[in-house]
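Just dropping this structure here.
Note that the chains take the letters A, B, C and D in the order they are written out, and that residue 1 is the start of every chain.
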Amino acid sequence: MFFASDNTGPVHPQIMDALARANDGYATPYGNDPLMDEVRTRLREIFEAPEAAVYLVATGTAANCLGLACIAPPTHTVFCSPNAHIHEDECNAPEFYTGGAKLTLVGTEDKITPEVLHATIAAEGSRGVHGPQRGPVSLTQATEKGQIYDLDELAALSAVARDHDLPVQMDGARFANALVALDCTPAEMTWRAGIDVLSFGGTKNGCMGVEAVILFDPAKAWEFELRRKRGAHLFSKHRYLSAQMAAYLRDDLWRQSARRANANMARLVAGLRERNTVRLRYEPVANIAFADLPRATVRRLLEAGAAFNVWDGDVEGEDPDTPLTIRLVSDWSLPETEIDRFLDLVRD
Amino acid sequence: MFFASDNTGPVHPQIMDALARANDGYATPYGNDPLMDEVRTRLREIFEAPEAAVYLVATGTAANCLGLACIAPPTHTVFCSPNAHIHEDECNAPEFYTGGAKLTLVGTEDKITPEVLHATIAAEGSRGVHGPQRGPVSLTQATEKGQIYDLDELAALSAVARDHDLPVQMDGARFANALVALDCTPAEMTWRAGIDVLSFGGTKNGCMGVEAVILFDPAKAWEFELRRKRGAHLFSKHRYLSAQMAAYLRDDLWRQSARRANANMARLVAGLRERNTVRLRYEPVANIAFADLPRATVRRLLEAGAAFNVWDGDVEGEDPDTPLTIRLVSDWSLPETEIDRFLDLVRD
Amino acid sequence: MFFASDNTGPVHPQIMDALARANDGYATPYGNDPLMDEVRTRLREIFEAPEAAVYLVATGTAANCLGLACIAPPTHTVFCSPNAHIHEDECNAPEFYTGGAKLTLVGTEDKITPEVLHATIAAEGSRGVHGPQRGPVSLTQATEKGQIYDLDELAALSAVARDHDLPVQMDGARFANALVALDCTPAEMTWRAGIDVLSFGGTKNGCMGVEAVILFDPAKAWEFELRRKRGAHLFSKHRYLSAQMAAYLRDDLWRQSARRANANMARLVAGLRERNTVRLRYEPVANIAFADLPRATVRRLLEAGAAFNVWDGDVEGEDPDTPLTIRLVSDWSLPETEIDRFLDLVRD
Amino acid sequence: MFFASDNTGPVHPQIMDALARANDGYATPYGNDPLMDEVRTRLREIFEAPEAAVYLVATGTAANCLGLACIAPPTHTVFCSPNAHIHEDECNAPEFYTGGAKLTLVGTEDKITPEVLHATIAAEGSRGVHGPQRGPVSLTQATEKGQIYDLDELAALSAVARDHDLPVQMDGARFANALVALDCTPAEMTWRAGIDVLSFGGTKNGCMGVEAVILFDPAKAWEFELRRKRGAHLFSKHRYLSAQMAAYLRDDLWRQSARRANANMARLVAGLRERNTVRLRYEPVANIAFADLPRATVRRLLEAGAAFNVWDGDVEGEDPDTPLTIRLVSDWSLPETEIDRFLDLVRD
């Protein structure tokens, strides 16, 4: 009953096999391995972006921060959701990698709306040289709360950014989960919707530790390479990053794994909806749910060995009926029996 | 005939097996996996340092820069060899991670001597607030030229640093190669010789991509953790770093692999010494050699498929007898037959 | 009718005289001039802080950022008002000088309350190594909106900081204006109220360009000196900074000038209160007021040559009765006749 | 007998007068004062550069570092003399302002030669993404040792930079001293000789604290403004920087002062040459000399109240004949009688 995160599960067997197959003889280091050629070609095909620059790093924070650093000068500010990973979960890595750019929070909700984005950008940047300059807009797809921007929303948000001549970065640590939920093409969800720089996640969806950064406009490619090296994120034995990503892309594994992760969440959510004492906080459409459960239920689950994050509230409190907010995350590897066992424990 | 680098060979099978074994079920992320407990315990035992703080990162540059950043304030300077990896091969990553500390080159030779170190430190720091302040001494063991500081040399260098109240960092990307060549204990080559912070390399000696950072004084442990996260080097699926390092340490694999790498180089060097046209640039004691060979020989080797770096000189030049300097690196995986085939091609 | 800012007026004649007197013969550079000894001694006396470290820089942004950099590590966050100068008007200088620390906005009001500060600090820092770490609290006295924290408020805010073991910095660009309004001692408004680091402004109150930074705990004094030099803020001909500050402190000039500035604002505000069409946005207690005036009035003032900032609203709009928000700032040099002329133009 | 530095003397009376005249009524802050218009116009005329961007800051380190930061990305290296102020006397400010660029020392001599510059640039940058990238060349005119590059030397050095497509920055803290020594036009010594960015010093030549930065190509003008603000170097009461620079440029004061400073040094050097026990270290052509004097002479001078820096050697040593190296600097304000008194004390 592991719902703690999509980074606690195992690596997909096809990816482990690919690593074993890559482990043969000698290979040129630092991204010049033949598998990287395959990765680059495949990602360009998948994204219908033959000119895009494509790079691999090992962590999602590195992907976000190196991508942002190429488009956010240190005197600028990045517009993002108050729940954005770059704001809450990267220990000032964006500030570090950009050389001190600021993050301006857009509104108070998880999902950014075009209206609030416009108002925030308009308010920021009225002070000439004194204030931070308007920089890129960063969108998280799927969000940290498991929500998804549909294509119209993405287009509207990008239009606001474009009106102010600002680039758009997408934190796609859960890109695949969003894509299969929307049932659109990768191009539709990115450059056709105005995205300039993408973090294309692999780690949370079955890889060991690999993320692609895609610069749809390759003008900053060399700068990215320098920043990656300077950030200590250029792997010498790069073939083992390439092998993961190549296997992830082969045979549609990336979409299949995301479909399974989302289906697992759908099964869980369907069960939770049937419980009177459970209240869902968001409409879960990908592989994350936030739910309010009575304290007694939360305790029962924890005692039975379920793993998840208690987001709000104190498990040790007295009143057994007080609702606590918990976060539930599913990945591809979660057995349906475990989901059902969890649901059994959430009996009213 | 792959002598290009010790990062071009495959991962040791025992480490691949360990990764496969680690790939079972769920594991707590971000370094809280049980395998990391094993790694921490083993490294403390191996180094006879029960209080040491032990962390894993995936690249040697990250290990060096995060370690240095904990002991080099941004207004200080790091004393290092002109051949140091931190100076020549990290694209300003030390400056980035320290927030702008300087690197002061000590002398012009690969190996630093106590006399020149003392003179350099004395010269730096006579300007009060105007100049960079004296910061840590960084030593590379084995050096980028394949040389080794013996225990007396290390002690003498550390004594100079201590006289100026400066900490000492060791770049041990090839720590094991140096250790088995010196035939001493890890403690003798580190904290007993005055080393405060160590990059303990795994990647170049059979791992996929893992380095340990050991802070013998754990006072900066939490700062290191924050800097690692901020640098985007904290792995979510950390168990796969732990698994590599755990397997590397088990059954003395790390020392065995280093012995094989060094023995491979010794075999190569012994053969090269027998050739009249070959001149060795340094006394190779670990797994790296620099040698001058006639241009014609270099060409013959390249045409036969040998891989190595031409360090100095132009392969395309005219005179077949002009000596070119090449760098030869061996790892544990190099078959003796390949070494002998290489030597056959270096016939006079 | 110059109400644009307190940085547009002339330097006080006593300060100009002091500069002329200081311009005699040779003086040791870089802060080792005898006038700096006077400044240090006087500030320690005035603040009843014999151990305090005292430094001079030429800009308020430098004072704030160098002071903060000594107490805010790059992985931490600074808690400040959404109107703080460090947030809105320093073009990411705090992020630059701290090496990438974040600024966390406390609430949505100009003045921070202890309750909201506590809640903000509590919310920040629940993510362990993943989120920014709790860093200093920064208070602006008087605020950018011309408001003042009374001694009880300062004590309550400092208590919240101390509860979380956080230092407190005060941006006192308008320190004197606040002090004379509160009619308390400098010690009461600073270290006795829990302030650790102070920017003590001179520029906005009659100096040419000088601010003192006072570290009530001198432990970071040397670090401050290094950071000042590294920031290019150590003046070679430092005596001309010292001379300004020495004259500013002599004969109570600093408090007298602040009293005049505040009195000028009081006269202006008293007149504005008598106009039916004027609405004051805050209770002005120092030398800044924000007021809503009908568009027609604003235009009349501008056409008559009055200088002030239109904070909100469009002067070019149609409806003459629509209120626009303007900011009015007074300094010591403003003639009462100009204030009265301004008020005459604000006839209803 | 003050020969300690050209930053220990008084401000020129014409500049003090200009400050007093500027101190009248209100002036727009932040560089929008009318005097800045005059400065901009005059510097463009003087440099025959009608498009140049012109800015003022208060310190030489700020001028150098802000100028360099516009042309040296953080992954690059700056080529400079081992004696360069940016290397020895700015406490890592260049590293700070560039975000971590490196400084590569060119040769071991004070003056850079085209041959050594070419060799240094060629050696740096052979490592692709691994090493620092080739960045700007920084030249100091006059040098820290009081030497001067003639126009041919400047052209030859710039040509080397241009061959590698690198910009050239000039640290002209003592620009005027060099210019009058060469007796050429400002344009000839800068953009016509290939200089892209200039620090045009005022402080060491009679100003209170002001330096101009001239970007001959204005493409980076706005970036400079942002970096100046972010560095806390944008003065609110900017008119007092403008007034200094305007007065400095009026009536050729800047060249006259430099001529007097150089003439003072020439008088001193002529006298020193007549002493058998004195050896000049460089051929002094501007306002700095380095000389070896017997220890007894050095002591006699110090006891008589002469002020200068002992550059090498221990004043407290025993043998009275041991030569010590001292640095002597003259400014415009030095009376000839003081020079002669000094020379009298250096009797053989």
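By our rule, a residue touches a chain if its C-beta (ideal position, glycine included) is under 8 Å from a C-beta of that chain, and two chains touch if they have at least 3 such contacts.
Which chain is which protein? Per UniProt: A, B, C, D = L-threonine aldolase.
Small disclaimer: the values here were computed from a predicted structure and weren't measured.
Comparing chain pairs A-D and C-D by the number of C-beta pairs in contact, the larger count belongs to C-D. When every chain is reduced to the mean of its CA atoms, the largest separation from subunit D belongs to A. Separating the CA-averaged centres of subunit B and subunit D is a span of 41 Å. Separating the CA-averaged centres of subunit A and subunit D is a span of 51 Å. Each chain gets a centre from the mean of its Cα atoms; for subunit C and subunit D, those two points are 34 Å apart. Among the residues of subunit D, those in touch with two or more other chains are 74-75, 90-92, 96, 99-100, 129-130, 133, 226, 229-230, 234. If you check the complex, the residues on subunit B that touch subunit A are 2, 4-5, 7-11, 16, 19-20, 23-29, 57-62, 65, 90-93, 96-97, 203-204, 208-209, 226, 229-237, 240, 307.
Those residues of subunit C whose C-beta lies close enough to touch subunit B in the complex are 30, 73-75, 99-100, 129-130, 133, 223, 225-227, 229-230, 234. Remark: subunit D residues 74-77, 88-92, 95-96, 99-103, 105, 127, 129-133 touch subunit B in the complex.
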